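Can you read through this structure? Questions will come right after.
Chain naming follows the written order as A, B and C, and within any one chain the residues start at number 1.
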C-alpha cells in the first residue's frame, strides 16, 4: 500500500468516525430526509471546493470564489426571464471566461495568486453590488414555483446534490486522466522541473482558474435558483469551508498532491461536524468557530507530519 | 549528424565562446571536456535552445537549423539532461517519462502510461521498478535514468548529458553508463559533458576539448593518453592575478578527526592553521563543498570530532557557527548570500546589527564606520554604496557577500566557489582581498572546482573525488597536471 | 554590466512613497476643482478621521507585508474579539486595566498566530482560520449581544478633539511616525526589512527570522487593538460583528501604498498614505453620489492596478 493510499484511508476513517459519533446523538443522521439535507447542505461549498482544490493542486489558490459566486447569483436571477437553462449556461461560461482572464494575468505577471485574487475578490464584490443595484434580487413571484424542482428529492438526492457528485467524478476524471489535468499536477509538484521538461505553465494555470471560476459561478447560480433570490453580499463565508474541505481532503498547501475525490471526503467531514453541532443546538457562530478550529488543527497536523516524514527520510538517506 | 561551426557568444563585454566547432555522428558518444569557465555549459545551452548564439551555424544531417528556444531544440530532435534534473517528485515514474510530451493524446490513464513507459524504462535498466510509483521514492541515480528514458521516448536523435554522474555512487554510475550505451546503440548522437577521466576512456569514442572559449579538433579517445588530454585542457594562463603566498602560517586553529557528513562517503581528517588558506579542490559532488557545509552547521556532523582552538566544535545550525566566528559563504550568493533589493551598506551590516546599534537603536555613525571599513578593505568604491546589491556586477556582489562577514572579526572564513560568475578583473581583486585577510591572521577554507584558482590562491590543497579526500599537499608540491589527475581520478582510467 | 547598472540606478532615484503623494495631490486638485464642497475644512476632517482607524491597522499590516509574510486575513475578526474583551474588562476592572489587559491579549493573539505561521508557512490560510476562531470567540464571550460600557475616560478617548483634531487622528499620526521610526532606526526594524528581502540570506546571516514574524504579528495586533479600543470608546458599546468585511480595506491600503508584495521594501508610511488615498477617493466618490457598489468596484480595480503596476516596476528592478 502506498503512503498516499494510507493517508486517504485515514481521512476516510476520520470522516466515518465523525459521522458515527454524531449519528449516535442525532437520529436524523440516519434517516432518509436527514441524509438528503446533509447532502444538500454540502452543495455550495462542495462545488466551489472542487475548483479551489484544482487551483491548490496547481500550487496556486483562488480566493475570489465567494465574490464570483455572488456575482453569478445576481446575474443568473437577472437572466432568469430568458429561461433557466440559458441563464445557467451564460453565467457559467461568463464566469469561466473571467477566470481564464484572471489565470492569464497571474501567469503573465508572475504574481502570487493569493494576492491577485484578493484584488479581484474586492472588485468582483463591488461589481456585484453595481449589477444588483445593491439590492437582493428575486425571481418574480409568479415564477417562483418554476425552480421548486431543484429542491425535489429522488431517494436522498436532489438535482443540486446529484450535480455535486457528478461534478466531483467528472473533475476527478479530468484531473487524473487527461493531459490538461496532469499538467496541473505537474506544475504544482515542481514548477521549475515541469518547465524544464517542456510543460507549458500558461495552459494549466488558465485552465485551473477558469474551472475554479466556472464552478463558483455554477454554485452561485444553482443556489440562487433554489432559493429564488440572490444577495450581493452573499457567499462570503464559503471560501473558508472550501479551503478547509480541500486541506482535510488531503490537498497539499504546497501543491501537486491530493485528489478531487479526497475533497469530497474533506467536505463531508466538515458537513457532518458542522450540521451536527447545529443539530445539537449550538448557536450559528459555533459552526464557523468549529470550522476554523478544525482548519487550524488540520494544517498544524499536516505541518507536523510533514516535518516528521522529512526527518525520517533524511535519517534513512544518511544510514543508507 | 550534428555539426556546429564557428559558434560565437558573448555576455556583455566578456567573450565566452569564440569560434567553436563541434561535430558528432549518429551512434557516437563524444566527451566534451574543459576546465571550469572554458565555455562548456554555454555551448550546451546554445544547442539546447536555452541561450541564443551570437553567431555561427548549427546543422543536423546537413540541413542548417535555427534553434532559438527549447521548443525548437526539441522539434529538431535534441534532448537535454541538465545537471538540475527535471523530474517532478510528486508524479509517477511513468508520467515523468512522458512529461511535456503532448503527442500521446488528450486522454491518458495511469495504466496506459505505465504500459508505454515500461519498454523505455527497461532499456535504461529500470525494469525492476514500478512505473506507477512516485518519483520521490527513487534515488537520484534512478531519476537520472528516468530522464534518459524520457530522451528515448522522445526519439531524440541528439542527446546532451551534462555531468550526469556528478552526484552518483560508483555502482550507480555503472547503470547510467549502460543507459548511455543503449542510447548510442539506438543511433543517437551523444554529447557527454564530464570531468571524470574514467568515464571518458570507458564510454566515449571521441573527445572535444574547449579551452578559453575555443575548441580543439575532436580526437579519437582510443589513441589518446591522459597526459595529452590534461595538457589540452590546461594552459589557461592566470598566473599574474594571484598574490604571493603566506611567508609563514601560525599555530593550528582547527582540526577535523574522521568526520562524516551528508555528501561524504569516507571520513575526512584535516587541520587548518592561523593565517592559512586551505583549498578543497573537487568537482560538483566531490565532497569539497560538503566539508564546508558541515563546518558551517548547515548539515550535521555525523561522526568524528572537530576541534576549534582547543575546544570541541559542533555547531547546531548556522547561528551556532556564527557564534563561534566560523562564517560561511555558499556558492549561490543570489539565493542566500546577498539581500538583492536592499542597499550595499545594509547588506554589509546585516550580520553585525548588534555591533552597530546601541540600546536597540541603529547608530548611523557606527554603521557608517563599519561599512566604510569593509568597503575600503574590499575595494568597493563610494559610488557603489548608494546602490541596491542586486544591481551590482557579479564580482561586486561577491565582494558584498564576502565582505559582510568581515565586520564580525571572523576566525575562519568558509567560501564555496569564491569566484563563480565573477569576471576576470574582479577575480584578481577578490584573491588579493582574501590573501590580505589571511595575512592579518584570518584562516580561510575555500572549495573550488577551478584548478587555476586552487593552485594560485591556496597554501595547502586537499583534493576530493566522489565524496572522498584523495590527498593533502602543500601547494608547492602540486602541479596543474597532478591536481587534475586527482580530481578526475585519472589513475583509474589508465 | 556597467550601462545596465547605471540605468537601473536611475530608476530608483524616485522613492516609492512619492507615487502615493503624487496620486494624493492629483486627486486633491481634481477633487477641489470639480467638487466645491470637497475642499471645505470640515470635509477634510471627515476624510482624515475616516482614514485614521483603517490606517492604524494598515500600518500594522505593512509590518506583515514588509517582513515577507504577505497579509493577515484575521485583523477584522481580531478587532471584534478585542473590542468585546475590552468592553468586558473595562466593565469588570475599569478603563485603565481594560486598556492594558486588552493590549496584552492582543499581543498574545499575535504571537499565537506567528507561531502557527512559522510552523505552517502560509500566512494567508493560517490567518483565515484564526480569523474565524477569533470571530467565534467574540460571539462566545459577548453572548452574541451588545455590550455597553460607561466610562468617562473611554468617552474622552473616543470623542475628544485635542487641538481640534480627533483622538483617532492623533493616534494615526503618532502610529505612522512611530512605526516608520522603528522600521528605519531600530535594529529590529532593520531585521524585519532584511528577513522580508531574502529569508534565506537572513538565516545564513544569523538573523532571527522567527522573532521577526512574531514582532510583525504583534505590531498588527497592537494596531488592531487600538482600532478596537477607540471604536468601543467612541460608541460606548461592542458587539461580535464589528468590523465585518474590513480586512480588505487594510490590505487595499497596503497595496495601493505600493509596498512590495515580496517583502523587504517599503515603509509603514506608504500604508498610511494608501489609507488616506483610499479615504479621499471614497469621500470624493461619495460627494459625487456614486453608490457603494461603484465605489467598491473602483477601489478593487485600483488595488488590482496598483498590484500589477508595482509588481511590474519591481520585477524590472531585479
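By our rule, a contact is a pair of C-beta atoms (placed from the backbone, for glycine too) under 8 Å apart; a residue touches a chain by one contact, two chains touch by 3 or more.
Predicted model only: the values in this text are computed from it and were never measured.
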item	value
Which two chains share the largest set of C-beta contact pairs	A-C
Of all other chains, the one whose Cα centre sits farthest from subunit A	B
Mean-CA-position distance for subunit C and subunit B (Å)	45
Mean-CA-position distance for subunit C and subunit A (Å)	30
Residues of subunit B touching subunit C in the complex	12-13, 318-319, 322, 328, 330, 335-342, 346, 350-351, 353-354, 357, 360-362, 386-388, 390-393, 404, 423
Subunit C contact footprint on subunit A (complex, rising order)	61, 63, 105, 109-112, 114-116, 118-134, 232, 236, 239-240, 243-244, 247, 253, 283, 285-286, 288-293, 295-296, 299-300, 302-304
Parts of subunit C lying in touch with subunit A, wherever the complex brings them together	70-71, 116, 119-122, 124-126, 128-133, 135-137, 139-140, 144, 240, 245, 248, 251-252, 255, 261, 291-301, 303-304, 307-308, 311-312, 315
Residues on subunit B engaged by subunit A in the complex (per definition of touch)	70-71, 74, 82, 84-91, 95-96, 99-102, 104-110, 133-134, 150, 262, 302
List of subunit C residues in touch with subunit B within their complex	1-2, 4-5, 8-9, 12, 185-191, 193-194, 197-198, 200-207, 260, 262, 264-265, 314, 317-318
